[in-house]
Amino acid sequence: MTEVWLLVLYAMVFPGVLFLVIYALFLQYVDRKIAARTQNRVGPPLVQPFADVVKLLSKEDITPEGVDRRGMRAIPLLAFAAVATAFLYVPVIGTSPFAFEGDLVVVLYLLTLPTILLFVLGWVTRNIFAAVGGTRTVTQLFIYEVPFFLALLGPAIAAGSWSISEIMAWQGANLILAILQPIGFVVALIGLQAKLERTPFDIPEAETELVAGPWTELTGRKLAVMRLTMDMALVAGSGLIAALFLGGPATPWVLEPAWLGGLVGFGVFVLKTLGILLILALVRAGMGRVRIDQLNDFGWKYLATAAILQILIVLLMVGEVWA
Amino acid sequence: MNLSQRLVGWARRKSPWITVFNSGSCNACDIEVIAAITPRFDVERFGILAKGSPRHSDILIVTGPVTLKQAKRLRMIYDQMPEPKYVIATGACGATGGVFQGLYHVLGGADRVVPVDVYVAGCPPRPDEIIDAVVKCLELMDEDAKHGGKEWRMKAAAAPPPVEVTA
Amino acid sequence: MPEVVVPIGPYHPALKEPVNFRVIADGEVIVRLELDIAYNHRGIEKAAESRDFIRVVPLLERICGICSHSHTTNFVKGIEEAMGLTVPRRGQYLRVVVAELERMHSHLLWLGVAAHEIGFNTLFMWTWRDREAVQDILEEISGNRVNYAINEVGGVRRDLRPSAIPGILKRLDVLEKRTERYLELLRHEPTTAIRFQGVGRLSRAQALEYGTVGPTARASGIDYDIRKDDPYVLYEEMPFAVVTNGHGDVYGRTLVRIGELRESIRIIRHALENLPQGAVRATPPRVAPRAEILSRYEAPRGELSHFIRTNNTDRVERLDVRTPTLANWTSVAVSLVGQHLADIPVVVAAIDPCLSCTSRITVVDEGLARTSVLTWDELRAHGIRFYREKEGL
Amino acid sequence: MTEPAAPVTPARVVEAMADFGLVTTPRRNRVRIVVSRDRIRDGLLRVQGQLACDHVVHIAAVDNGSTFELHYSLTGPHRLIVTLAVAVPRDDARVVSVHDLLPPAGIYERQIHDLFGIVFEGHPNLKRLILTEDWPEGEYPLRKDWKMDPNRSYGGAVTEAK
């Protein structure tokens, strides 16, 4: 009985949904603050993302004329649920209690859902900017998703497992994979940047071209949930990369008692995700937006090639070790 | 007021998002509004963000006199904004039409088309004054929350409602 | 993919000013464009006929807040020419200083806007930060940040305190360093390079045919600068070079503007260091004799021309304003066909459109391209061909 | 843009354009030629061909109370401004379009048409474009005798959202 309660607590409070929401808002703050500091500004206060969400929740909720009310309302919630579920498998204070062989595939699938839902949103809202933005979202998905998956395949092959926790354990026994597979790590970071539609890959929601892309018609709580979802995807994505390439929250030595180990693991998780965010935020602040055809060229010519090259290297190395 | 209302009031004060609409101005007000988001004035400190979609914004900043051609577009943008929404008219032109008052292609101040809550004087107002106008607008928002809507002000004002309706 | 009609404007976040494009796109590629830009038309030219010269100047200042000094200088120098009035040298030098400061603020503003159009917000914030230094100087000289209100018929209204000059020169040194830094950044930052180079290309022949002016023409290799070709307000005494290059694209226009920032700094330095002594204004007569003046001025965006007709009264009989943006519009419509949807903002921004200038009386012709070389069908065929080549079909 | 054999000077313009009408030189680099309405295309062709003018600076329209005047100002690599002045009678406000000779003129002509009511014959797209869509037909605000009728609606109507 107590076990079930612990699991519910894990899923809903810490490090589940509640923690995820709070941490996502915190990361948004860090992201905006880094951008502001690079731009020579002061930037928003700590509570700013929270205030934004509360305000949006309290605003009028408009459904444009001729749009399916229930469908439009369901999309942000579905996206939210997908990302929240994905995060359950991402190790935060140690191995996730929900972990199973193959959870990496599930996480990747669930993290793709918000993108596809954005595309659907673009189509159902009957707004031309949203529709063009939706088309761009899905075009972009086809460009970055393959290199991104290939890059995450590298750790899986090296560790010989589809389980996030086993890849972590493998890194504990050997070296962290960011050193062993530097190309894959870089490709994964670029893929994550594109997945989260951040500059230079914010093509679908390019403000100066498409107002806000698929987001254009979102108001009030739908906008609040959707924004929150993208921030949560940032947490889940960077947590995933931290686990696969940087060894996750694992500590090199076993700490006693267990709560201390958890605490230190949590600290490591926070540091690693913040480190990844720092890279992503600096890239965002230091670049302009590319065009979709330029992204297409870049994605297939360089990104996919690099990812495949990395896989080949991994296969050779693994073959040698196993032979 | 109960806790949730106070929380909402606080959040609205902390997170006013603005949309700038040029209803026929000479650009001077526009560049001063944009200057307010750049490093020297940096309104993101106060949570103010400039948003492209009127669907996302709380405060509409109208710059300039309303030309005949822009009048219905201005109304359309205003109608797209979700409640609660506020309008700031910048500059002498936004208030009355300024030097363009009475010209054949100018309707007049922004209040001929949309209900204006705060007027900013100046030609153009400095960015500091525009920030101050947003702050005044937020105070007004608080007052409105206490009165449960904007009607108390509308009744107090002697002027007829500013919307000009033609079939 | 079927054709999509994307309306851009009159309200659109990329456009700080109202303009409407109906972009007919085939997927992401623009097949044709229909433009409509008179949303800011206020009827200033009619109003100018009913006010005397003194009261027309503030009105013209508000044609456009960005190039307010251009319009007033151009007007007052036309009226002074009609009156046969000689403006004191100190007044002329101060006009040059304000004009070049205005050019700097406008070009910095443009650089920021162009960076914003390609989503490079950091550069946008940086240039606008530096623009504040220019605004400070302008405020010190004229008392205002945007509409300077410094011109009047006969000279300038405020003298410059000699004690202010060292501070201004110090700020110029900082701005000069920053300008070099932007040039470096523009050359080395990869996303800026791929978004600016080869976009919105206009050959020299096209630029001539469509009557482009200002940085747009100069980036296509046309050496056309009113300051040199038809010197006014003592520009013949100022040391500067006309910046041109042969790129013809957005990148070229950016290089021209950054080059002009440097030249402006040179001019301001020279003018402040050699500021003549004496009065800043002469007393003008009340009325202007009958005359017909075509007054030209090199505004930040290009050649601005005022056609002024005076008729022995204290009012103009006719004031016809042709703004640089209007001259450049035709080239936009042409250079956008076959480009990507994503390039619209940056190509439009590249001519630095000043719509409130232009729409005071304006125009754009959806048949523009038709009046030139291509018919609609040819344009469409061109768009499709471009798309095929791009996709390798 | 090739330089003509002899440099273009005011004197040369006077010589080349003398058969069109009165040629004056109001200022060092301005030449003004009065051209009759029927010969405007010939005049422009001559200016373009013989005087190497390739840039249209300005097409100004003036209502002087009795007639309309159009001033076509052109310049070229010589940076001399050649202005062709054409008078258009009020009761027959028509003139032939020159959009095919000077591509940017298409814009200027539409603008003049909208504000003065001068018809440019042969212009492919002489539609309204400056004034608002619901501006009444036949009202040309820049004519000297035009006054705003206080009892008339000049557009700008705002409708409430549904």
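All chains are identified by letter, namely A, B, C and D, in their written order; residue positions are counted from 1 within each chain.
Methods note: a contact is a pair of C-beta atoms (placed from the backbone, for glycine too) under 8 Å apart; a residue touches a chain by one contact, two chains touch by 3 or more.
Please read these numbers as outputs of a predicted model, since none were measured by experiment.
**Q** Taking contact as defined at the start, I'd like the list of chains shared as neighbours by subunit A and subunit C.
**A** Of all the chains present, those in contact with both subunit A and subunit C are B.
**Q** Which chain pair shares more contacting C-beta pairs: B-D, or C-D?
**A** C-D
**Q** Where the CA atoms of subunit B average out and where those of subunit D average out, how many Å apart are those spots?
**A** 41
**Q** Using the average of all C-alpha atoms in each chain as its centre, how far is it in Å between subunit C and subunit D?
**A** 23
**Q** Indicate the whole-number Å distance between the mean C-alpha point of subunit A and the mean C-alpha point of subunit B.
**A** Averaging C-alpha atoms per chain gives centres 37 Å apart.
**Q** Go ahead and note the Å separation of the Cα centroids belonging to subunit A and subunit D.
**A** Centres of subunit A and subunit D (C-alpha means) sit 61 Å apart.
**Q** Among the residues of subunit D, pick out those that touch two or more other chains and give their numbers.
**A** Correct list: 131, 141.
**Q** What are the residue numbers in subunit C that touch two or more other chains?
**A** 12-13, 38, 41, 43, 46, 125-126, 129
**Q** Mark out which residues of subunit B touch at least two other chains, giving numbers and ranges.
**A** Expected reply: 38-39, 51-53, 67, 69, 104-105.
**Q** Any two chains that touch count here, so list every such pair.
**A** Those chain pairs satisfying the definition are A-B, A-C, B-C, B-D, C-D.
**Q** What residues on subunit A touch subunit C, complex-wise?
**A** Of all residues in subunit A, those touching subunit C are 35, 38-41, 128-129, 131-132, 199-200, 202-203, 206-209, 211, 285-294.
**Q** State the interface residues of subunit A toward subunit B in the complex, per the touch definition above.
**A** Residues 32, 36, 39-45, 47-48, 50-55, 58-62, 207-208, 211-212, 215-220, 223.
**Q** Where on subunit B is subunit D touching in the complex?
**A** Interface residues on the subunit B side: 66-69, 71-72, 74-76, 79, 104-105, 107, 113, 163-167.
**Q** Would you tell me which residues of subunit D are touching subunit C in their complex?
**A** Touch residues, subunit D against subunit C: 1, 26-27, 29-30, 32, 54-64, 71, 73, 79, 81, 83, 99-100, 102-104, 106-108, 110-111, 114-115, 124-125, 129-131, 141-142.
**Q** Where on subunit C does subunit A make contact in their complex?
**A** Contact set of subunit C toward subunit A: 4-7, 12-14, 28, 115-123, 125-126, 129, 189-192, 194-195, 340-345, 390.
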